[in-house]
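When the chains are written out, they are named A, B, C, D, E and F in that same order, and each has its own residue count from 1.
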Amino acid sequence: MSEQWLPSLVTPTPQEGFDLAVKLSRMAVKLTQPSAEVRDALRGGYAHDASDLIAASHVVATHFQTIAAANGYWRTDRG
Amino acid sequence: MSEQWLPSLVTPTPQEGFDLAVKLSRMAVKLTQPSAEVRDALRGGYAHDASDLIAASHVVATHFQTIAAANGYWRTDRG
Amino acid sequence: MSEQWLPSLVTPTPQEGFDLAVKLSRMAVKLTQPSAEVRDALRGGYAHDASDLIAASHVVATHFQTIAAANGYWRTDRG
Amino acid sequence: MSEQWLPSLVTPTPQEGFDLAVKLSRMAVKLTQPSAEVRDALRGGYAHDASDLIAASHVVATHFQTIAAANGYWRTDRG
Amino acid sequence: MSEQWLPSLVTPTPQEGFDLAVKLSRMAVKLTQPSAEVRDALRGGYAHDASDLIAASHVVATHFQTIAAANGYWRTDRG
Amino acid sequence: MSEQWLPSLVTPTPQEGFDLAVKLSRMAVKLTQPSAEVRDALRGGYAHDASDLIAASHVVATHFQTIAAANGYWRTDRG
């Protein structure tokens, strides 16, 4: 995978950081299962499986910890 | 999802931080399963499944770690 | 849920911090499944299921990390 | 549970910190399932279930993170 | 396993850090199941199992936390 | 278990730190299931179960976080 998809962990806002966390979660899946067709088929399944959705949400939470720390928790951006 | 839903990780109190952790947990699910109808149907199921409830509680715990750190653990707010 | 149940993460001792971690674990469940009756029924089940008990213990461990950090690990309180 | 069982997170050595992590893992289970008889019966089962043993090991790892941080990673104790 | 495969946690970019996280996730599997043949057979299975893919993605997220911290979150490398 | 098996979390290299993380993962299992015979039988099973292998890899990742932090991420050892 030679394309550049992660130039930085820095995002302007917490919300964009959350979106990046979702992206990282999916990218790890992509590196294990490179077929978009297979992934789409699987997503159709786990999007209707509560346990899988919760587990996916946990992965996002773990990446969001990393990204939030990388951004100093956006502390100057007190909304 | 263009609406702004996460302007800041800073909350006045630990309890509001906990509520935000619950919100982040649900938002990650929403980004994977955008249909409110499907999510409501699933919630009806996992709200009666102990394993799912515990797993959902774990996601909240992970987000709460992030939010607590972002708020310096609300240390000046010694209740 | 308007009542105040989490005024602070600071506790006098590690043991009270551990009790608070247990409380936070249960509160996240409560926010997902508000019915005390249903929760009591589920607890009767998972209290006899090893996998659920271990998973619940993991959630407590995650919250205890947060609370221990919030208290500076109670380092002045060397027992 | 009024007895004092966790006076401090500080331990003289990493190994004693690891033992304390095991103790914390079990204590969270104890607080959910207070009956020693039931717990012993469950342990007989999960001690022969690989998935449960791995999950229990994960809880220990999480507590050990907390305890290691509390002890400054025992860095002066370079073995 | 005497060959050297992990000389450093430092990587030039976040993306190479992410690749390293994937490598660490697989290496832990390799140390438990040394047979490449068995691992390949298993990968054929879990690459089509949504729960396993999500769980594998979680392991990557945990390693990425470590690697990102090791690199100071690549903060000078604001893309 | 009176023998000394964990004198320090400090290791000369990241790779030796990773090996130590694997050792800690197994030690927690050993403390729950002391019979080497039973553990060997279980390992024969979970070494062929993708979900168990991934879960075991997650435990290693958690311990590796601790050990990497204990070693200051081996930052002077830029390979």
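In this section, a residue touches a chain if its C-beta (ideal position, glycine included) is under 8 Å from a C-beta of that chain, and two chains touch if they have at least 3 such contacts.
All values derive from a computational prediction rather than experimental measurement.
*Asks:* Under the document's definition of touching, what chains do subunit C and subunit E have as common neighbours?
*Replies:* Output, common partners of subunit C and subunit E: nil, no chain qualifies.
*Asks:* Quick check on the contact graph: shortest path length from subunit B to subunit E, in steps?
*Replies:* The fewest steps needed to get from subunit B to subunit E is 2.
*Asks:* Setting subunit E aside with everything else in place, what contact-connected groups do the chains form?
*Replies:* So the chains, subunit E excluded, remain one piece.
*Asks:* Let me spell it out: compute each chain's centre from its C-alpha atoms, then which one is farthest from subunit E's centre?
*Replies:* Centre of mass proxy via C-alpha means gives C as farthest from subunit E.
*Asks:* Shared interface numbers for subunit C and subunit D above half of all numbers used, same, or below, different?
*Replies:* Since fewer than half of the residue numbers are used by both chains, the interface counts as different.
*Asks:* Report the inter-centroid distance (CA atoms only) between subunit A and subunit E in whole Å.
*Replies:* Here subunit A and subunit E have centroids separated by 15 Å.
*Asks:* So what's the Cα centroid distance for subunit B and subunit F, whole Å?
*Replies:* The separation of the two C-alpha centroids amounts to 31 Å.
*Asks:* Between subunit A and subunit F, what is the separation of their C-alpha centroids in Å?
*Replies:* Chain centres of subunit A and subunit F, defined by C-alpha means, are spaced 27 Å apart.
*Asks:* Please output the residue numbers of subunit A that touch at least 2 other chains, ranges allowed.
*Replies:* Residues 43, 46, 49, 51, 55-56, 58, 62, 65, 69 of subunit A touch two or more partner chains.
*Asks:* Taking touching chains as linked, do they make an open path (line), a single closed cycle (ring), a hub with spokes (star), an all-linked set (complete), or other?
*Replies:* ring
*Asks:* Round the ring, from subunit A on through subunit E, what is the full list of chains in order?
*Replies:* With subunit A as the starting chain and subunit E following, the sequence is A, E, F, D, C, B.
*Asks:* Give every residue of subunit D touching subunit F within the complex, in rising order.
*Replies:* 13-15, 18, 21-22, 43, 46-51, 53-58, 60-62, 64-65, 68-69, 73-75, 77-79
*Asks:* So in the complex, which bits of subunit A are touching subunit E?
*Replies:* Residues 4-10, 24-29, 31-33, 38, 42-43, 45-46, 49, 51-52, 55-56, 58-59, 62-63, 65-66, 69-70.
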